[in-house]
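Chains: A, B, C and D, in written order; residue numbering restarts at 1 for each.
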Amino acid sequence: MSYAEYLAAIGPEIALTIAALLVMSIDALWPRSVRAIPWIGIAGLLVTLAMLPMFRAERVAFSGLLVIDPLAVLFKVIALISVILVALLSISHRPLRGFHEGEYHTLLLFFAVGLMFLVGAAHLLMIYLALEMVSLAAYLLTGHLKLDPRSSEAALKYYLFGALCSGLFLYGASILFGLTGTLHLDGIAEAVRASGLSAALLAALVLMLIGLGFKIAMVPFHLWAPDAYEGAPTPITALLSVASKAGGFAVLLRVLAVAFPLEALDWQPMLWVLCVVTMSLGNVIAVRQGNIKRLLAYSSIAQAGYVLVGVVLMRQTPAGLPSAMIYLIAYLFMNIGAFAVVIVVSNALGSDKIEDYRGLARRAPLASASLAVFLVSLTGIPPLAGFIGKFYLFAATIDAHAYWLAVIMGVNSVVAAFYYFRVVRAMYLDAGKSEEPIGTARPLQVAVGVTLLGTFVIGVWPQPFLLFAAALPLGF
Amino acid sequence: MIPLAPFLVVSAALVAIGVFGALTRRSALGILMSIELIINAAALNLVAFSQHIRTSDAESTAGQMFALFAMAIAAAAAAVGLSIVICIYRNSKTVNVDKIDLMRW
Amino acid sequence: MPLLTITTFTPLVGLLLILLFVDGRRVNTVRWMGVIFSFLPLLLSAAIVAVHQPSNPDFQLVERLSWIPALGIEYHLGVDGISVPMVVLTALLSFVAALGSWNITDRAKEYWIFFLLLQVGMFGTFVSLDLFLFYVFWEIVLVPMYFLIGIWGGPRREYSAIKFFLFTLVGSVAMLIGFLAIYFAVEPHTFSIPVLLGRTGSLPHTLQSVVFLAIFLGFAIKVPVVPFHTWLPDAHVEAPTPISVILAGVLLKMGTYGFFRIGFPLLPEGARQWSFAFAVLGVIGIVYTAYVAMAQRDFKKLVAYSSVSHMGFVLLGMAGFTLVGFSGAYFMTVSHGVLSGAMFLCVGVLYDRTHTRDLDAFGGLMARMPIYGGMLILFSCGALGLPGLSGFVAEFLSLLGAFGRHPWLVGISVLGIVITAAFMLLMMRRVLMGPLNERWANLSDISARELWSLIPLAVATIALGVFPPLLMHITDPTLARMLGIIGFEVAP
Amino acid sequence: MDFLPALIPVLPLLAFAVIITNGRRLGWSACLVAVGASLTSAVLAALVYSRVLLSHETLAWSFEWVRWGETALRMGVRIDGLGALMLFMVTVVGTLIEIYAIGYMAGDKTFSRFFAFVSLFMAGMLGLVVADNLLLLFVSWEIMGLCSYFLIGFYFHRPSAAAAGIKAFITTRIGDVGLLIGMILLWWTAGTLRFDELLLAVPALAGLGDAHVDLMLTAAALLIFVGTIGKSAQFPLHVWLPDAMEGPTPVSALIHAATMVAAGVFLVARSFILFAQFPAALTVVAWVGGFTALFAALIALTQNDIKRVLAYSTLSQLGYMVMALGLGAYAAGMFHLITHAFFKALLFMGAGAVIHGFHHVQDMRRMGGLWGKMPWTAWTFLVATLAISGIPPLSGFWSKDEILLGAFHESPVLWVAGTFTAFLTAFYMFRLFFMTFTGRQRDGEIHAHESPAVMILPLVVLAVGAALLGIPGSPWMGLWVQHSLDVPAYALAHHHHSNLVMGLSIAVAVAGIALAWLMYAPRPTIQPARVARAMGRLYTLSLNKFHIDEIYAALIINPTRALARGSFRFDLGLIDGAVNGMGWLQRALASLKGLFDKWVVDGIVNLLATIVQALSAVFGLIQTGRVHNYLLLASLGALVIACLTWWNMG
């Protein structure tokens, strides 16, 4: 593998690593220039994002360890955009200001690098490696606010749960290696097709599913999410709910679509059950949440359930995979936007209780309007991004004649409307205690602006995004 | 050459102990140790398989390589885990996992 | 000249202007812009009527632009016999409601933004010819309505706002599933209604009846049909007057328009199989809600229940599968829009002066407010189906059309007419007749502004009542063609 | 010039529009507009019916109202013999009553509104008469119903008037709804609603001999008759007419004596082709008419309010007309309708003059000896009373005799009932006459005075009419009126004259008058009080109108209100739900640690919301905050998944 090929394969990753190291060294050498660090990080991310189109050519790198294909590129784009937005959010998040920002942004960049490797990994070792890299960075970021007991408690729970799951994932991978004799996903697929169904194979799949289920916070491996999301600093909550979840989905898709062919082991009924349970449990529990971050945590669990619908129907309808992709893209903008406004409010009021959101419409018209737009889009009302995602998912279910799934999804979206509108009601319909307006920091305005723009554009003109998502050949 | 079965049995036992330990130990450090056990069990498994099963020559050493990586990552994970436990101790003066339930419902 | 796009999006232009350039505190400018941008669509709808030739039944003023080729979705607008009157009704009632919301001053800017957004959704629904576009506009109406009821409503406004929202959401989810089922059932997958018109008739009957059921749920909640009607009284009682005029006058019509545009033409066999259930629900709607209306203490709830009862006639008329029946059902849609809109305005006029809606609190107002009394009597007579006004023509034609297929149900539904007459007269007596309640000794009669918002509606009711071909010559060619597709019952 | 008849109803309509829009400006002169309009239409009508009656031709003019594909609805006017006669009666009586009303209503501050509604009523009635199809007839029918509602409830500040108005409108509405269904049934079976087309279609359909079609047509006929029962206040829907006396007297004279109540009879006459084909329908009509006549006469015996007596007498006379039609004596029925309109209008206006002079007291027991004080009223009243009692040569005798003749040949039972009713009619009319005009004035301090000339003039004209109108229909002029009705071939041939019937009816009338003289003359030989005690229960029964109102209240009105309240509670309870309704569910679920928040819980609709809340609370509990539970649940979950998939795979 000549250096040219290295560069061709992981050019963007390398650039981002350099940026990360740069940020780390600046923080170490010029402590005074701490204000500039975040912007350098963002610049690095933007450069990497810009490089991505040049590195789109399909190829297998490092003898099968990494693969560059439309799925990987799409997820890299999602990962980078979400990390950029999170970095923007972190700049003006008050508790984070002046609290080891250097380490924070370095970890963030390494998190992004790990994610880029994760989505491209086609080899069990690479998957485990990238999974760990991402998780470790995430644990540290969640516990970043050392002095706040909630943040460290969140980190602990997240760590313990995550470590156990990745341990089991490793054990599953080892069994799989034992069964198939290879670590390459496609190699595994042939071996599995040849050997057919066996208890060990099922055990391996379930164990690996634990690891991946943890990543995308799928029920029953979601228990860490509400506490972690509530405890972690809000930008990191956004990061966990979007970026790491997207990474988890990328790996899940690759493992299920490549390594476990349906004819050998029909994982669809199992995933069907998990998807329905995730969706329903997430929505139902969210109904009575008093804290907006916990509410958004459960809502993001439910959204994972919706994306799973696309994954479940992946094999039965050509619309399956693209619908999952478009939903993830829409979800990215809606969710991070919502968290951005949560930061604006917590910066001003210092609380995440929904009661404190009362009368927000009069105090911060722009912020509350955009939160309302994000929540309405999460409910799936046109002409916003959420609707396009949900519509395409419904199309997939109907095309795959999974009518029951459509009905369940319908009921779920109605229950979801119930709690999304409790927040909207608090903001618009209830009277607030005080009237003095709330300002928003410049980077936050940018973040909210970008996400708002994303939500409207995908909603009104989804064509480019659909083409982008539909470019994924099923078999990849 | 020791046949494959004993290795698998030992590895399965180790995993069982690890999971049991994780579920019952009250102290966070105890859980950390049991998770280490699970990872090592998996590494053992990998090494055993890499020795006994027929693999293409390209991947003959894949198992050992994976085991090595697993150990490295286990170390990293342990470091991160310990730092988080220290934070918890500094904030809430306890590592007893059942007492750390500030956030619930 | 894309007339339809301009009509649909004029309110959006107004909305953006208000949003960006007008400061919330200058209530007067906001109000004036709101009224002006509600008046423009009225002129445009007049232009549409002028351009539209009633004789040729197929779609006119068609605008077609590919929007999401990946899913075969187009931005496809067009009008025909049954959408032109709806556009005119929407424009008229929006303008009247705009006049009616003149004295809403707190958070006026937000009010007008939501009000104009509502209009965009309503116009869009009546002119779109693509199922996806129809669904998008259908849902756009939901959110502004939630805020309009929620923020400016009565005491229990939050509850009725979220109830309205969830009810309609359940309906629209079912409808979405129905649309997608149609989309995938037809071979070259398409959402465009003109293409589907010819083709879906031949789909297997079982599929048609199941899909019709899903779509029926969506529209039935909006119409509303009896078991799904409980959101209406709450929404009406709590909504501010101009909004309940729009709610009763236009939003209910979106449900019935859905049946005319999508329900019956696209799924003829499905509709035929469910026709008896349809008629039974209609009759229950007429008789049951008439009885409930009779027991009402609250003036607005009485009018709300009476409008559910009138919508029962639409169902009955359509279930007859005759041209007379369809023509009568459509006539009722328009006539009810005018009448219920006017009735709610009357309730509003009284509420603005007395701040109570309890019928027993009034009495002998005829002496103090003769002009208002006259107007209320005129509209109540229209509502109870007095010949010479539009209500009678609609009821008579609907019953006539439905008689062929469901004679006994028509017989029972007639009981509803008697009960409607009873509670309307009791209402009139409680409000206008009897000794003058001294609390209202110094009530002022109806103001010029309120009167001028009622007069167009009065003229419309009388004109439609005396000379129904005014509306029928527009709708009947289209209904005849639609029934040609469905294969209609032998009309006498 | 054949669209002339169409103008007749339009003129009063225009008058209505003019008066209602600028009532204040017109003030008193509103009556001139109204009377002017009705006079011009009377003249127009005269032109029309003179041409029709003399040259036996039928004027018709129609335009296309609504068209669907090939079926079209044509609207227009058609004047035949029947129409001409009705036109004559309505215009003459209507105009006279309007003139009378100028005097009667003078000084009332809502003067213009009264004339507005009277003009609208005239438009409705004339529209009914000239209509060439059932639909236009139904439209005018309902407009008249509305005017009767407004005019009965004219003194709206009186709660009793408002209640009477509603009672009238709803009872007639029940009838109208029957007519509506009849029309629809007719449209679906005969395919048309136009009278000329019905004349051809119905016999053809009846000729087919198809049992189903016959059943349908008989049902249509009976349903149309239900409309007549409602409007012409036949039993059982007669309850509203006596209460309609709450309205001002000119209203009672015009609407509840002469024209509107006769509209029901006119409707049966107009669609007589339908009834004649089916004897079953005819017998029903006859018996309902006969029974109402007798029933109303019995009640009239004991009433003490002067207008109530006249109201029941109208009921009875209408019963006569309906019976006549039912017996096939089509011409006799219509002739009686015309004559009755004249003398009943006169009776009401006479009573009005009495009430007007007696300062709005209507109780006969306080009157007496008004002959001296109100000579003109008394004389005209006497002529009308003689006419209604059937004393020759006045008009009442000839028309009633024709009916009894028909009854004599068709069904003896009805003939006996008819004759007995004639006796009762004579008795209670003269009881009224003697109590009001002869003897001493029982209530001393009210000093009555004669009515102004503008009220007396109409009385005199009508008195002349009541006296002489009988002649054209009598054998002396060869039954000119009956023949001019171009009696349709299918109606029964005119019976040859029978002296027995005529003699008996005169004898009965004289006996009635004698009995009344004995009981109520200035020096009564038979004390009415003793007779009342002797009759005992019968007397009290008749006095409170056989308790029909109470029966209806118990059987129909209260249950409807209860049903309304019940369905509202049902609507709230089951579908929408009041809080208490959900009490037991709340207690059951409340045990799960404080589940419900401030949402109003109601009904099935919100039961779902409650369940979601409950589930949310339950599942929320699994988030205990302790890592151990999480890890435990996670591994249990993994185990469950593995087993399930294995079981599913296996």
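The criterion applied here is as follows: a residue touches a chain if its C-beta (ideal position, glycine included) is under 8 Å from a C-beta of that chain, and two chains touch if they have at least 3 such contacts.
None of these values were measured; they are calculated from a predicted model.
Participant: Of the chains present, which has its C-alpha mean closest to the combined C-alpha mean?
Facilitator: Chain nearest the centroid of all protein C-alpha atoms: C.
Participant: As a test of understanding: of all chains, whose mean C-alpha position lies farthest from that of chain C?
Facilitator: Chain B.
Participant: Can you check how far apart chain A and chain C are, centre to centre, with Cα atoms defining each centre and the answer in Å?
Facilitator: The answer is 43 Å.
Participant: Using mean CA coordinates as chain centres, what's the chain A-chain D distance in Å?
Facilitator: Computed value for the inter-centroid distance: 77 Å.
Participant: If you average the CA atoms of chain B and of chain C, how far apart do the two points sit, in angstrom?
Facilitator: The mean C-alpha positions of chain B and chain C differ by 66 Å.
Participant: How far is the middle of chain A from the middle of chain B, if each middle is the mean of its Cα atoms, in Å?
Facilitator: 26
Participant: Going by the touch rule set out above, which residues of chain C reach two or more other chains?
Facilitator: Where chain C is concerned, no single residue meets two or more other chains.
Participant: Mind pulling the chain D residues that touch 2 or more other chains?
Facilitator: Answer for chain D, listing residues that touch two or more other chains: 620, 623, 625, 627, 631.
Participant: Among all residues of chain A, which ones touch two or more of the remaining chains?
Facilitator: Chain A, residues with two or more chain partners: 156-157, 160, 164, 168, 226-227, 418.
Participant: Identify every two-chain combination in which the chains touch.
Facilitator: Here the touching pairs of chains are A-B, A-C, A-D, B-D, C-D.
Participant: Going by the contact rule set out above, which residues of chain B touch chain D in the complex?
Facilitator: Answer in residue numbers: 19, 22-24, 31, 97-98, 100-105.
Participant: Using the touch definition from the top, list the residues of chain D that touch chain C in their complex.
Facilitator: 20, 65-69, 71, 135, 138-139, 142-143, 146, 149, 153, 156-157, 159, 162-163, 165-166, 169-170, 173-174, 177, 180-181, 184-185, 187-188, 191, 560-561, 563-565, 567-568, 571, 575-576, 599-600, 603, 605-606
Participant: Considering the complex alone, what residue numbers of chain A touch chain D?
Facilitator: Chain A reaches chain D through residues 156-157, 160-161, 164-165, 168, 197, 199, 202-203, 206-207, 209-210, 214, 219-221, 223-224, 226-227, 265-267, 269-270, 273-274, 281, 284-289, 415, 418.
Participant: Sort out for me which residues of chain D touch chain B in the complex.
Facilitator: Where chain D meets chain B, its residues are 620-621, 623-628, 631-632, 635.
Participant: List the residues on chain A that touch chain B in their complex, please.
Facilitator: These residues of chain A touch chain B: 63, 124-125, 128-129, 132, 136, 139-140, 143, 146-150, 152-157, 159-160, 163-164, 166-168, 170-171, 173-175, 177-178, 181-184, 187, 226-227, 230-231.
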